[in-house]
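The same chain A turns up in both complexes below, where it pairs with chain B and then with chain C.
Entry: the complex of A and B
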């Protein structure tokens, strides 16, 4: 398959998945409303704890926005595959002549791109309701940080989605991964406050570096370039792992006849 | 069209040799026991290029499992299969490029978007040239009679429309071999007839078609050759006419009864001139299908054996493919399967 065809395929699947997700009321509620609730709670908690000021508000807005992105990634990847399994289209996708890793990449990207609405929404929420000043220390690097975060979260989502292809009840795994990652990736609480043994785990996670890249560019508290590089590096590692996993998973699915099970 | 794997033009389009598929399942919650359920027990057949080949059998006979192995969705437990010369286990992508498949039923479409969006999406996945997509989709919509309805969401489609959209989806990349797994299931008579015309047009266009069905008349009307499959094995194979020959020397006496007892049926079966007795349950009545090699002369004797049973219509007729099918299924089933086949007719 030519590079042009591959890009077109991934783009088309991304666009189609965005449309499918937006047709789900539950997804809209999760993606569009939940980050605002997270943000309100966090703003009020920080305020009552005496933590105020523009930097703090920005820290909170970006953190809660990223929580929404992570939730949407998990729900978008797992939910989409579970729904395809239910509709009977999963077999068709897996059995199409196009490479399934490209299809899965497009589906995952669709979810992550939609999830990034959460960051925009929580920033606007912070400005409008909590008087947060909207300014970025490195405005030119911020788009690159956002792009790096999208790519790395998408690749991690794809890696997790391989299990959803194999196991029909993998949604339980998705739910299990939601809250711990919020904590371990330092979305609301700095990683430095976590036990030392947890930190290596944090460094393996895309949301950690995606968060650092975005916060670094927006608030200037940390240098964003290392985090951006880590995002791209992890994205490559996740993608390679996902491809290896897919070979194993699809072979097992054909052996165990699990694709059509609801 | 893509080139076949081998240059030999007489190579079959589909070739299955001793295909076996066993499903593994578990019973129990605390003390789990592994259970191997054989679905296909070593079937072999060939389908020539341009042929419409039917796999006919009752529910659970192994038809869908066979198709799923041939379209690379399932790995065979044993045996080999090739489609257009490509091995279904080792050359999955070569097989996938050359086949289209349609499963019967409501599933397999994105309900929340339009029929056109479904086709555009699958056209991308099936690698249809972007410059070709619009023309191809329009032609297929025309062929399946959905022109003018393509902008509507699929969730509002009738079952017949969904099935026709399935067919269009399966043909998007102009496959050489088309697998149709019970495509007319659940369709009303008009929808089923239209679908049969569509299937015929595929063969006219030079495609090889493998059709599974449990409707005898459908297999008889459409297929060049039919394999009857039961309990995971092929029990007969040939043209509709040759399969009917298995019961050609028989006469079918249909006796409508109301509340017939098992003893009465046993008495019929015990008659020396009766070859086989099957029963179809209707709402209020039971139709006894008595097969005899001595014509209708024994009718009065049979009625006498039914004793006090209330009798409705009695008809003598020539055997059909359905009778041949019932005979084949009943004579090759396990005890449990035979009882089921006798009841479902």
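Entry: the complex of A and C
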């Protein structure tokens, strides 16, 4: 399969999945409404603590936006393979001439891309309701930071999709993993304030570096090159792990004849 | 029976991650965020969220208990039966009330062990009564959402909104008196606000004589929501019979 066809396939599935998710009330809530509610809550909390400066508002807006991205990634990717099973398309996709991991990559990327709307929404929310100044210290690096975050979260989404499928109730795992990642990825609470043993866990997570890359470009004093490099590095690691998991899971499903079973 | 059949989360593989794991991390998250963003102690946020997590059982549970009758195709049979509607409603109500209490008590224990929550012995009885009243009113708004869900494609959308509304409006993390005026008006009409205020005061040692008024308001709010839910359910039943839409999804 040529590189052009691969890119076209991933792009098509990404766009298709964005449209599919837009038809779901749950994802409308997770992507469009939840980040705004958490942004309001966080703005009020920081205001209550007497911290209302532009930098604080930007910190909160980006953090709550990334919380929305994580939720959409978690729920959108966690059930990705299971949904294909329910819809009866998994067997067809696995047996199609196109590589299934590219299809899954497009699907998880769709969830992540939709999730990134959350950051736009919380920024606009901050500007309109809380008078947040909209400025970035490294505006030219910001698009690269966003791209790195999307790629790393998309790869993590693939890993989530291929591991959650082993658990029958993927949504329950989603309910479990929303808050802890918000916490240990330092989206609203700096990692430095968490116990020391938590920090290595934070370093393994794409949201940590994605947030660092975006915040660094928006409010940092130096270009967030390390964070951007970590996003791409982690994306490769996640993709390799996801690919291995996918081969194991699909092989097991074929051997046990459970590919289409719910 | 309705609890086991209609509550999708009533199995360990979902119950434990959602109603034990979820609240655990919610408490830790808001305790860390709140104490970082403000000067308040983690215990303040632990108490607020320990009460709020009862909504997972009360709001989501009641929504499922009513709306799932339609999705599972049992609503026509249920409504064709001569069973007393008030008894049907109460039968659905009680297990979720107990479940909400259980989730909330678990979260309180977590707060006491890990987040520095301290309850003055003099206020424990009042705090317990206020918690019961709060979980009751929370289950009542859940039953209203359940009744509304009989007409919606996805009832859990509204249940999620209620959950987040409570987090934002009811003094769970930000004291009600620090919210903008228009938000305080909404706060006073929602469950949790008065009950949670009573629990916070009782935790500091206030007795029933001091927080009785708040508990009474919380119970009253719960009764209003329960009556609205029952009225809406009855109205939708009549409307569905008249328009032959009982089983339309």
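The rule we apply is simple: the second predicted complex is superposed on the first by the 248 of 262 C-alpha atoms of A that agree within 3 Å, B and C clash if a C-alpha of one lies under 4 Å from a C-alpha of the other, contacts with A are read in each partner's own complex, and residues count from 1 in each chain.
One rule holds for everything that comes next: a residue touches a chain if its C-beta (ideal position, glycine included) is under 8 Å from a C-beta of that chain, and two chains touch if they have at least 3 such contacts.
Computed from a predicted structure; not experimentally measured.
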Problem set entry | Partner chain in contact with A:183 - chain B first, chain C second, else both or neither | second
Exercise. Looking at the overlay, does A:40 come into contact with chain B only (first), chain C only (second), both, or neither?
Worked result: second
Exercise. Does chain B (first) or chain C (second) touch A:29, or do both, or does neither?
Worked result: second
For this session: Would you check which partner chain A:226 touches, where first means chain B only, second means chain C only, and both and neither mean what they say?
Result: neither
For this session: Kindly classify A:120 by the partners it touches after superposition: chain B alone (first), chain C alone (second), both, or neither?
Result: neither
Exercise. Should A:175 be classified as contacting the first partner (chain B), the second (chain C), both, or neither?
Worked result: second
For this session: In the overlay, answer first, second, both or neither for which of chain B and chain C A:87 touches.
Result: first
Exercise. What residues on chain A touch chain B, complex-wise?
Worked result: 1, 5, 8-9, 12-13, 16, 19-20, 23-24, 87-89, 91-98, 103, 251, 254-257, 259-260
Exercise. Which chain B residues qualify as touching chain A in the complex?
Worked result: 23-24, 68, 71-75, 93, 96-97, 103, 105, 107-113, 117, 121-122, 124-127, 130, 169, 173
Problem set entry | Complex contact set, residues of chain C against chain A | 9, 13-14, 17-18, 21-22, 25-26, 28-29, 32-34, 36-39, 153-154, 156-157, 160-161, 164-165, 167-168, 173-175, 178-179
For this session: Name, in rising order, each residue of chain A that touches chain C in their complex.
Result: 25-26, 28-29, 33-34, 37-38, 40-42, 44-49, 51, 167-169, 171-173, 175-176, 178-180, 182-183, 188-190, 193-194
